[in-house]
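Note that chain A is present in both complexes that follow, paired respectively with chain B and with chain C.
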Partner chain A sequence: MRSAILEKKTLIWIGIILITITFLIFKEELDWLTQYPKELIIPFSDWINFLMDKFIYKFGWLFLNVSWFLSWPINAAQWFLHSLPWVVVIFLVTIVAYLSVGLRLALFTLCATFYMVLIGYWEESMNTLSLVIISVPMAVLIGFGLGVWGYFSKRAEKIIMPILDIFQTVPTFAYLLPILLLFGFGTVVGLIASILYSFPPMVRNTILGLRRVPENIIESAIMSGADAKQLFWQAMLPSCKKQILLGVNQSTMAAFSMVIIAAIIGGTADIGWEVLYYIRKAEVGQSLVVGLVIALMAIIIDRITSGFAIKSDQAKRGRGLQKNTKINYLNFAVLGCVILFILSRFFALLDDWPYNLSAWLAVHINDLFDAFVESFRSEIKLIKNFTLFFIMLPTKIGFQQAVSPFTWGFQLETIHKILYFACFLITSLLFLKNKKSEFFVFTLLLMIFMYVGLTEMPWPALLIIYSFFSWQIGGYKLALGTFFGLTFIVVVGMWPEAMISVYICGIAVVFCFIIGTSLGVWAAHNTIVSVILRPINDTLQTIPLFVILIPFVMLFKIGDFTALLAIIIYAIVPSIRYAEHGIRNLPSEVIEASKMMGATTMQIVFLVKVPLAMPIIMLGLNQTIMYGIAMLVIAALIGTNGLEQIVFIGLTDGNMGKGFVAGISMAIIAMIVDRITKTISEKRSEALGFKIK
Partner chain B sequence: MSKLLSITAAAVMVSCQALFAGNVPESSDPIKVTIQDWTGQHFSTHVAAGLLKQMGYGVEIVVSDAITQHPALASGNINLSTEVWTNNVGDLYDGLVDKGDIVVVGELGLSPKEGWIYPPYMEERCPGLPNYKALYECAQAFGSAETFPKGRLITYPASWGTRSRDMVASIEMPFEPIPGGSEGAMVAELKSALSAEEPVIMMFWQPHWIFASYDFNWVEWNPTDERCVEESQQKETACGFEQAKVQKVVSKGFEEKWPAAYKMFKAMQLTNADENAAILEVDEKGRKVEVVAAEWIAENKSIWQNWMN
Partner chain C sequence: MKSDQQISKKVKLSCRNVWKVYGDNPCQFFSKGSHLDGETSVLSKDISDNGHIVANANVSFDVHIGEIFVIMGLSGSGKSTIVRCLSRLVKPTAGEIFLDDENLLEKSDKELIDIRRHKMGMVFQNFGLLPHLNVIENIAFPLKLQGLKEKERIKKAERVIELVGLTGRENNFITELSGGQQQRVGIARSLAVEPDVWFLDEPFSALDPLIRKQMQDEFLRIQSIQKKSVVFITHDFQEALKIADRMAIMRDGQIVQIGEPVDLILSPKDHFVREFTKDVPWESVLQATDIIDESKKISETAEQVPFDMPVAKMLHLLSKKSLGVAVIDSGGKKIGMATAQSFVAALATAET
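What follows is the complex of A and B.
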C-alpha cells in the first residue's frame, strides 16, 4: 500500500537509512566499519615520494637551470625598486591610480603607500611587489595562451579545465614542497608557486571573453576580408578586452595571496616573512600593522587593474583618454620622476626614511586589544562554551557523547533518548503525511547524524548517503564522481581526518551562509550598511590570513572553536557580497509588479527578492565553501586535527607524498561540493527562467 | 639601519683583514647561511655570518624553515646552518645525513631543555608540583570545557612530532593532549592564560625569549642515567623527555671549498647565556638582531679569535 504513495527515491532513502542503522548496530562487532583497516590502505604517499625522488634524480638539473634563469628578472626587479627612492615610486603609483580611476583612488594610494614608508617597511614591501610584478605578467601570458588554445580546441579545453580545478582547489601548502624540491630554494619558489596559483583565472576569463564575442563582429570581420590572424587580433581580441583585463585583475589578486603564503617556506625577506615573524611571537599589534601593508597593496592593485578594465570598456564607446592627453600625462610623469629623483639626492629623507612608527602603533593596538579582552572575558567564555557544548560537540561526536553533566548539566538517560527519537520520528512522519518526502528523509538523517556525530558515523554509510545525494542533485555522473572521490579518501586512510575537516568547515559554512546572506540582503536595502561593509570585506579578503589567527587564539585559546571563528571571518565575505549583488541586480519589473499587487516591504524581500536572487546567493554559498576550505588549511596553524593538519605536517616534515595526498583529498571534497552547489544554482535559475552571469 | 650596519661591518672587516692575509677566501662564491624563524637562531646565524665576513668570505643570508632547509642544504642552495635541533628534524634529515648530502660539523654548545611548563600560580592550585606525580591528582585544575574531566595539555604542533602524546599514553596520565599548531599560537595561549591567571600547562623549550619576560616552572621527572625514551615509560619511573642536541651542519663539499671557514665553524661555540642575553635584547628591548650580534662580536674578540686559529 505504502509504496504506492511513496516515490521511488524516498524508498531508496529509507533503504539507505536502514542500512546505516544496521551499520551502527554492528559497529562494535565490525571494526572496519568505523576504521578502515590499516592493512588495506594504499600507500599512495610512498609511491609519490619514490617517484619524486627518481624524477629529481633524473631531471633535477633541468629545473635548477630554469630556477637559475628565473632568478634574473626577480633580482633585476628587486634591484630596480630598491634603487628608486620611495618618493619616486609613490609618485608613479599615484599617477597610475589617478589615470585608472581618478582623484579619490589617487589620494587613497598616496596615503596608503606613505603608510608603508611611515612604519618602516618600505624595503620589504618592495620585495613583495617585485615578486608580484614578475609573476603576474608570466601568469597572464601563460593563462592567455592556454585560454586561446582552449577556445579554439575542444580537446584542449577538456584537458585544461580539470587541471585548473586542481590548481585552484588543492591547498597551496601542498604544492609548495614539490616546487621546493624541484626548483631548489629561494625567491624562485615563491615566484613559481604564485604563477601556478594565479594563471587559472586568466585562462577562465580568456575563454569566457572569447566566447562572448558577438557573432556579428566576427561575421563582419570575415566579410570585410580579414584572414584568421586579423580576425583574432583585430576583431575578436579588442571586443573582449574587458573580460581579459578582469582576468588580469583576478590573477594579480591570486598572485598576491600566494606570495604571502609562500613566505612560510622562506626564501625572500618580504612582507609575508615579516608578518610570520611577528605571528610566531604572538605580537598582535605588530602583525596587524605589517599585515595591513599587504591588504593596502592588494586593494590598490585591485582598484587600479579593475579601473583599467572598466576604462577599456568606456574607451570603446569613445569616452576614453585622447591621445594628446596621454602624451601630456606621460610627460608629466617623467618630469615629476626626474625632479623627485634629483631632490632625493639632496634630501636623504626622501630616499631612506629614518623613522619607524610601527612599534609605536603596535603598542597602542596591543593596549586596546588587552583592554578589550579584559572587559569582555566572561562574555567571551560564555559564547565559546555555548557554541562548543550545543553546536560543535554534538555535530562532532553526537549527543550520545556530548551530553554530560559538565556540558549540558545532566546525564543522558533512557528517557531523554526516547524523547529525542520520538520528537524526530513524529516530525518526520508529519512531513511524510504532508507529502514532503525530502523533509521526511532529511529529518530522519538529521536524527541519526546528531545522535551519533559526524566523526563517529561508519564510513560506508556516509559514502552511500553522499553518493545517493549527489545522484539526486546531478545525476549519475555526479554520483560516480562523488563515490570514487570519497573512496579515494577512504583507501588512502584519511577518512577520519577528512570528516574532522568537514565538520569544522560545515559548521562554519552554515554560519556564514545564514549571517552573511542576511547581512548582504540588509546591505542591498540600506546604503549605509553597504558603505560600512565594503571596506571591512576588502580588508578581510586581502589581509594575510594568518594575521587573523593570533588575536583569535588570545581570545579563545587553541582549539577547534578558534579555528571555526577564523574560518567564519574569512569565508563570510562572499556570502555577503553575492547576496547583495544578487538582490541589487534583480529585474526591476518583477519588483514593481509585486509592489503594485500590494505586497509589504517584508513580503517583497522574503517572498519575491530572495527567492529570485537564490541562484546568485547559491553561487555565494559555493564561494563561501571554497574560501572556507582555503582558510581551513591556514587554521592548521592553530592546531586542528583534520586533513589540513596532514597537509601542513607534510610540508613541515618534508614528507611530500603525505601532504600531497591530503591536499588531493581536500581538493576532492572541494570539487564535489562545488559541483553540487553549482548544479543546485543552475537548476534554480532554470526553474526561474533566467540565466545567471 | 642596514646601511649603518654594513658600514660598521665593513670597518670591522678592514681591521681584521690583516689577520687573514693567506689564501682566504679560497673561493669567491658567497657562503649561503640560512636564517630561520626564532630569535635565538637569528643571533647565532648573524654571529657566524659576521665572523665569516671578517675572514673575507662573501656571505649571503637566506631565509628558510626548520624543515625546508634540509633539501636546500642537500642541493647546495644553502651551505651552512647554525642550529639544527635533532628533536625536530623529520625523517628527511636523517636520510640526507646518512647519504652524506648534509655534513654534521658538531654541536653548537647550547644545552636545550624541553619539557612541560606551567606558571607559578598553578602550584597553589595543584600542590605537589613541580613533581609530575601531582598531575595525576589535579588534572582537573588544568581542565577546560573541551577536555573535561581530563586536564588540557598543549603539546608541540603536530608537525614537530608526538612525544607528549606518546608519553601521556604510556604513563596513563589523565590529560588530553592538544597540538599547539604553531609557535605563535602557543605563545598567544601562554600570554592570554597569564594575563587572566588561567590554568595552563604546555610542552615548551629553552632557550626561548618567553623565559626572559615571564616566569614559568618546569615539571620535574625522575632522574635517569640511561636514554629516556618517551613512549616506553612507566607511571612510577617516568623520566620525562629525551633532551635534544643542537647541531651545526654544512652542505656537502663545504670543507673542500672553504677549508678555513669550515675550521672556524667547527670551533664555534655559543652558550645558553649568550643566546638568552641576545634574545632579551631583541625581543624585549626591540633592537635589531644584526646590531646585537655585531656587538657580541665586538665584545668577545678573545673568544672568537681562538676559533679562527
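What follows is the complex of A and C.
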C-alpha cells in the first residue's frame, strides 16, 4: 500500500516543518512573527463592554427586578434553616442519609455535620445550603424541560446542544461578571450562576435517559392503549428514572461547586467566602479546617442524591409493606424533630453552639505542617526545582533559554546543540527508515518545540501545525474550526496568554495520562489497587476545586508549580477511571483466545488489552484535558499567568469584555481539543468494530 | 385444533396490497396507486435502487375469526414490520388494513387508541414489561390506561393471572422472574383487555428450547380457551408447523406462499420454501386425510381412523392391515381408504 517514496501527508508535514524553521530564522527581523502587532488587535473586549453598558442602561431595571424577586426564596430558605436549631437539621439530614443509602452514610453524615457545628461554621454552611436548595429545583426543572423538548424535537436539540457545550466549557469565573453586572451584588448572582452552570447535565441526562428507553417498552405501552401523555408519564419516564435521578445528582453537584466559586464575588457570607478569605490571607491551617466543611458537605450531598438514583433501579419486594415503613419513617422524623426542637428551647446549647474550635484546630494543623515542611525542606525544594528547571521551563521557553549555569549547571555551548539536534535527527531518520512516518514527523516537531519553547514559537507556525493536525484527524471541517478558533485568539491579542495556559495544562495532561493510565491498567488487574484508588477518586471528583488547592499551597506556596500539581491531582482521576473501565470491560473471548495462543500476561496487556481499550482510554484523555482546564481556571487564584488569570482579573476589575474574551478563548481551546480527542477515539473504536459503552 | 371445521371462514383482519418503504420520500412511488399494476418484485427493485428500503412489498392476506395465522420468515424478511403495520405501530406507506371491515388507515390517532384499548393485544419478543411495576400492576397496566378503578383492574387482572398460571406471583417485580415467567406476564397483559385480535411477535424466540416448547403448549392451551384471532410471528419453521392453522412464508418483504402447513409441505411453491420443508418429518405433518388412496374402494370392515389423525400414529396400524384403514370425517362418514402403499406414495410426491 505504501509507496517507496514518502507519502503525501509526510511531504506536507516536511513542508510545514521547513516553513516553521524559516519563521524561526527570521524571528529577529520580523517581530510580528512572535508578537502579533498591537495595532491590529481587534478591540473585541471594548465592543462587548460598550454593548453591555448600553444593554444595562436600557434593560438593567428588568434584571434588577428579577433579582429582587429571586432574593425572596433565598431569604426564605435562609431564614428557615437559621431558625431551625442545629440538632433538628442534623437529625433530618441523617435520616435522609439513612433512607438513601443506609447506616454507614447516616453515621458519616452525623459525624460530618457535627464537625461543622463544633468548629463554629454552622451558619455559613446553612447559607451555602440554602442557595443550593433553591437553585437545584430550578436547574432541574429547566434542564428537564429542555431535555424533553430536545428529545422530541430534532431542531430543538440542534439548538440546545451547542449552547450546553458553551455553558460547560466557558470558565466558571467568566460567568460571574455578566451576571454581576446585570443582577447586582448579592446572593442572587450565586443563585443564577449556579442555575446556569448546573442545568446542562440535567438536559443531557434527560435526553440520554429518554433515548435509552427500550423500543419494546414504548411499543408495548402503545399497544396497551396509551395515549401520548400516558406513554410519556406512565411508561417512558418511570423506565428512565435512574438516568434522570443521576442527572439530578450531577446538577446538584454542579450547583454546589458553582455556589462555592461564586463566593469569590463576596456578599454571600457563605462557607466558600470563608475559605477564600483564609487562602488569601495565607492562613493555611484555618483554610483547611473550613475547606473540610465544603468537602464534607459535597460528599454528603453527592452520596445522598446518587443513593436515591441507585435505589430507584433496584427491585423491591412487597410494595404494601414498604408504604407502611415509609409512614413509620415519616412519623419518626416528625416526632424526633418536635422533641429535639422542644429540647433546644430548654438547652440553648442545642440551638446555638457557643464554642468555636476552628482556631484551636488551625493552630495545631499549622504546627503540624510547619514541622513537616521544616523536616523535608530540602526534599520539597528538590522536587520543585527539578520540575521547574527540567520540565516546566524547557517546555515554556525552550532549552535554548532554560539551560543556564543557574538551572542546569552549565552553559549551552555549540557542542551541546549539535549533540541535541544530531540525536533527534538520527532518531527521526530511523523512524522514517522503518516507515513510521507519524513518529518521524513527531520527533522532528518535538525537536523544534523543545529547543524553542512553546511560548517562543511563532504563532503563524503553530496555527498551521494545529490546523493541519486537525485536518488529518477530522477532515476539513475540524481543520477550519481549529483555524478560525485559533485565529480569533490571535486577533483579540490573547495568544501569548493562551500559550501559557496550554503549557501548564499540557504538561499536567501528559503526566496525568501516562501515570493515570498506568494506574488504571494496574487497577484493572489488581483488586487491591482498585479498592484503594476508588474512594480516593470518588473524593477528588466530589470536592469543589478550590479546596483541592489548599494542601498544595501549604506545601509549595503559590506559583506555577503549585498550580501544576493541583491540576495533576484533579485531572488524573478520569485517566485512571477510563483506563480501568476500558480494560475491565473488554470481551473476554479475545483475552481467552490470546491466552490459548500462549501469550504472557505482559503480552496480553500491551499487545491485546491496551490496544483494544484504546478508544475508551482516549475518552479518558479527553476528560483529563477537560478536568485540567477546569482546574486551571481555579488555579488563577494562586497566581498563574495564562488566560485564566485574565478571566480572573476581568472579574475582579469589573472589566467584563476582557474577562469574557479570555473566557471564550479558553472555551475555544477546550472545544478544539475535545473534538480532536473524541474524533480519534471514535475512529479507533470504528476501526476496532465495537461501540463504546 | 388444526381442523378448519371449527374455524368459521369469516374474515376478522385483512390486509390488502400493503407496502412499507423507509427512506427520505417513500410516498413518491405510490402517487397514483401505481403499485397495483406491474410485477411486485420489479417495483420493489425499482424502489431499492432509488435509495429506499422496502420492508413490505404488496402484502395481502386474511386472518379468519378464531384461527392462528402464522407468519414465518428469516430475520430481515419483513415479518416484524408487517405485524407492526397490522397493529398500526407503524404506518404503512400504501395499502389497506381492515379490522372488522373498517379500514385502520383511515382512523384518527384517538380512534386507534380506542381500538387498541379494546380490540387488540400484543406480545413482544423481549417482553416489553415495565420494570417499575410488579407483576399484577404490569398486567393491569392497559386497564389503568383505560381509566378503570383499582378494584376492577385487580379483579380482571387476577383472572388472566390464573389463566397463564402465575397465581402467587402477583407482587413479584419483573426482575425477579425468569424469562418464561416474564413472557407469561406479557401474555397475561395482552389478554387483560379481552381483545379480539391477538398479535404475538416472536413471543418465544428469546427463551431456552425447553421452556419454548413448554410455552408453545401453554399458548395452544390458552388459545383453545380464548379462541382469539391470532397473528403469530416466528422465524422457527417447526414452531410454525406446531401451532399454525394457516401460515405465510415471507422473504424480502414479500409473501412467498400462504396455506395450511401440510399444503406447504406437500407442494412447496419454490426452492426457498422447500429449503424449510425438506427436513420436516413427514409422518408428523401428514394426516390420515392426506394419504387417502382414491383408487381404492372403501371397505366396510376396515378399521376406522379420524381424518385428522397424524400419520405417525397410524404407522402401527398400517403395518399390520394390508388392506388399509378407513378414514372417517368428523360426522363419522367414511371418506376413503389409506394404506401403507398410499402413505409411501404420498411421501414420494412430497419428496420430489
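The working rule: the second predicted complex is superposed on the first by the 620 of 693 C-alpha atoms of A that agree within 3 Å, B and C clash if a C-alpha of one lies under 4 Å from a C-alpha of the other, contacts with A are read in each partner's own complex, and residues count from 1 in each chain.
We adopt the following convention: a residue touches a chain if its C-beta (ideal position, glycine included) is under 8 Å from a C-beta of that chain, and two chains touch if they have at least 3 such contacts.
These numbers come from a predicted model, not from an experiment.
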Chain B versus chain C as contact partner of A:Pro214, first or second or both or neither: second
Partner chain(s) touched by A:Trp273 [first = chain B, second = chain C, both, neither]: first
Partner chain(s) touched by A:Thr407 [first = chain B, second = chain C, both, neither]: first
First, second, both or neither for A:Thr652, with chain B first and chain C second: first
Touched partner set for A:Leu425, first chain B, second chain C, both or neither: neither
Partner chain(s) touched by A:Phe389 [first = chain B, second = chain C, both, neither]: first
Dominant toucher of chain A (residue count), chain B or chain C: B
Which of chain B and chain C A:Met223 touches, first, second, both or neither: second
Touched partner set for A:Ala359, first chain B, second chain C, both or neither: first
First (chain B), second (chain C), both or neither touched by A:Ile327: neither
Where chain A meets both chain C and chain B, residue numbers: none
Complex contacts: residues of chain A adjacent to chain C: 214, 216-217, 219-227, 230, 234-235, 238-239, 241, 315-320
Residue numbers on chain B that touch chain A, as the complex places them: 2-3, 34, 36-38, 62-68, 70-72, 75, 77-78, 90-93, 144-146, 148-149, 154, 157-160, 178-189, 191-193, 195-196, 209, 283, 286
Chain A-touching residues of chain C, taken from the complex the two chains share: 84, 87, 89, 109-110, 113-114, 116-118, 120-122, 124-134, 141-142, 144-146, 171-176, 186, 189-190, 193, 199
Complex interface listing, chain A residues touching chain B: 60, 64, 123, 177, 180-181, 184-186, 264-269, 273, 276-277, 279-282, 284, 352, 359, 370, 373-374, 377, 384-385, 388-389, 393, 404, 406-407, 546, 549-550, 553-555, 557-560, 636-641, 645, 648-649, 651-655
